[in-house]
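Scrolling down, you'll hit the structures one after another.
You will see two complexes here that share chain A, one where it goes with chain B and one where it goes with chain C.
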Partner chain A sequence: MVMVIGLIAIMMPVIFMLSRIGGSQTQLAIKYHENLVAETVAFSGSNAGLSRLQGNIRGYQDLPDESSGEEKYALNIRPTGAGFFGQTLYFLLTNAKIKSHNYTLMAEAEQFKPEPTPPVLVISRDYWNTVEPYEISLMADVLSMQNYRGMELLRLEETRTFERQSTLDQYKSEMQAKKLRLPAEIQSGWDKIVTTLVDEKISE
Partner chain B sequence: MVEIMVGAAILAIIGGMVANWFVMQRRYQKRILEMSDAQQSIRQASWNMIQELRTARNLIYPRLNADKSIKSDTMTVFKNFSGDIVCYYHYPETGEIRRCVVPNDSGAPIIDTKPIATRIDKVAFTSHDLGNRLLGIYLESGNTVGLESVYLLNE
Partner chain C sequence: MKKILLLVLLLGLVISGPPAIAEDDESPALENAVKVDVDDIKLRPALEIEQAVMEYMLAFEAYNSAKKSKDPAIRGKIVQLMKQYREAYARFLSMMHADKLYEPQKPQNPAGRYNKKLKKDKGNKRNWKPTAAKDLREKIKKLVESGASPKEIKEAIHASLPKSAMSADPCDPCNPCPPNQGDGGSIGQGNVGKDGGRDRDRDEDEDRDRAGFGNRPSPRNPGGK
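Presenting the complex of A and B:
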């Protein structure tokens, strides 16, 4: 009897420890799953924001507690001025938070006047994302995000300027020259990729 | 004598049951660990890639075939938010997915020193068109598979 109790006393912590190891590994897998869900929820929140603008809802909108399925998202639509055609310009911000994981989408949107009735034309562009825990209803946080996004937009301007200012042959030879410095896995298909890049090169 | 034999028999039976239970638990834990490792690898790979793909601008490769059928490959190439060319490609020998950035101007390609995913046995990036903005990602690790799709938000 004493032996049986002794065996069980040894076995139980061993079994418990093994199950804890399996549990923690599974928790890591769940963590990445939650990250992906947070992104998807933020994406659906962004679409909801576009729908509001298409429905001719105008001006500053702060909706901190919206639902997408079982998960919550925050939506902040911030007017930034007027465009050349009289359209209203906005920053469209969406944030989803699942446990400790944050995901924020920031985009620009243009809302045109209804002619004659909604839905109105809405153009959205330059979506940018971050996993930093920004508060989208705070102007200081929005400015900080704008700065980071602005740096990447400056790089976009550089790459587009390069495409515009190069001739087809110059652009093709520049891209072809990079082939030898690429990993072997990419080298084999690089010619086809260059053909697509050249075909879709931005022109003046 | 009889009491000792009966006692020994009972002890042997109990010992056998406990040992069997221990072996079963070990096998079960091993299987669970393998599966959760594989799931973690797949989720991590998906998350790392989708983060960048979501705000990318244009899918360069793969594209639909000439007959409009879908095309899959073990690498994908796209223009990221900043307009630079990013490649994700699979090393089957090491089970890694690696990332390489090709500047869309006069700079030299930069290969990331760390892989963005490990323990990935098979990868298939599949183009689904929609203006070259919808990409399917199939990942296989051990006996576990993952399938995600991502829509590129920017133009």
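Presenting the complex of A and C:
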């Protein structure tokens, strides 16, 4: 009995010490896992927000302490205005934080009027994410995020305008020209990707 | 004594239960926190806007129906249907951008800003018709389920777009109204009803009639064209 206790007393600190000394790859894997979980939880929260809108729950909603499995997320649904069919437009914001990993997801959603019972038609789009520590329930932070996101959207619009206005050949050659600047792993399959991109090119 | 008691009771009722103030969808707190230059806004005919909204809404329905389908042949059309939805929404967005009803750095409130400008120019707001076009969406959904090609679906969507404005400008039928000083008076077309509004209970039927679906006799369309 004494021997067993003695063995445990010696082995426990050794096991503990070994568990703390992980290789850099292991630590990286753990960090990556945490990051991935934070993203997944935020997406899960965003889907929960969409379900609330489809269920005809309307107006401002702030749910700071929701759960997805064992992890927590915050959900904030904030009306931004009205659409031409009487639909309410929203910012759909979710935030998940796991240890030092912060992940915030911002999307736009439009909730149409019930007809007459749920589920209500909800269209969500323009998903945007950030790892900056924004507080999604504060209006100033939301406006700041919108501003940041808006600049990125303007750049996206430039891309869309180029896509729309260029001919198939112009678009194809522009995409092909990017091949040399891509990582080697992507270069091998780039021709196939370009074919798909050209097939899906936005036209007037 | 009775009067005093009644007065106290009434006062209590007023304090404890103030009348509910309806939330103004057009100007939520966030909208009031941003600066909007109303003078820059351009008011295009409501019909053009409603057609654009209806188009992307129906295109989304087609894409969503294909996404939910378990038939591989229908699911195979998802990419094309998504492209059609993206294009329809991009058209709407560029329309909003051109009219200064949408700025990417600011929260979206296109109908609210349209009405803000209209109110400044004419002193009244436009009555946008609340609808989710349930019947039209159902029609598109069935078309997708029947295995129609993306091209056929696109044509059906175009055929379903409203032919006249669904919303109403309450100021139009009643003269005199101050002339529009903003865009040369191109707004406020296609009103129905003397009161400037419409019977909203009949909206879905009117959508169907306007889109040419059903071809059934109705009091307004006895022949069922």
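Here are some notes:
Note that the second predicted complex is superposed on the first by the 161 of 204 C-alpha atoms of A that agree within 3 Å, B and C clash if a C-alpha of one lies under 4 Å from a C-alpha of the other, contacts with A are read in each partner's own complex, and residues count from 1 in each chain.
The definition used in the following text is that a residue touches a chain if its C-beta (ideal position, glycine included) is under 8 Å from a C-beta of that chain, and two chains touch if they have at least 3 such contacts.
Model, not experiment: these values are computed from the prediction.
In the overlay built on the shared chain, the residue A:Arg125 is in contact with chain B and with chain C. In the superposition on chain A, A:Phe112 makes contact with chain C only, not with chain B.
When the two complexes are overlaid on their common chain A, residue A:Ala82 makes contact with chain C while staying clear of chain B.
Look at A:Glu200: by the touch rule set out above, it reaches both chain B and chain C. The partner that reaches more residues of chain A, of the two candidates chain B and chain C, is B. Once the two complexes are laid over each other on the shared chain, residue contacts for A:Arg160 go to chain B and to chain C alike.
In the superposition on chain A, contact is made by A:Gly189 with chain B only, not with chain C. In the superposition on chain A, A:Asn35 contacts chain B only, with no contact to chain C. Touching of chain A by both chain B and chain C, each in its own complex, is seen for residues 125, 153, 160, 200.
Those residues of chain A lying in contact with chain C across their complex are 59-60, 78-89, 91, 108, 112-115, 120-121, 123, 125, 139, 142-143, 146-147, 149-151, 153-154, 157, 160, 164, 200, 202-203. Contact residues of chain A toward chain B in the complex are 3-4, 7-8, 11, 14-15, 18-19, 21-22, 25-26, 28-29, 31-33, 35-36, 39, 43, 107, 125-129, 131, 152-153, 155-156, 158-160, 162-163, 174-175, 178, 181-183, 185-186, 189, 192-193, 196-197, 200. Those residues of chain C lying in contact with chain A across their complex are 23, 25-31, 33-34, 46, 49-50, 53-54, 57, 60-61, 79, 83, 86-87, 89-90, 97, 103-114, 128-134, 137, 167, 204. The residues of chain B lying in touch with chain A in their complex are 11, 14-15, 18, 21-22, 25-26, 29, 32-33, 36-37, 39-40, 43-44, 46-47, 50-51, 54-55, 58, 60-61, 63, 73-75, 77, 81-85, 87, 89-91, 98, 100, 102-106, 108-109, 111, 148, 153-155.
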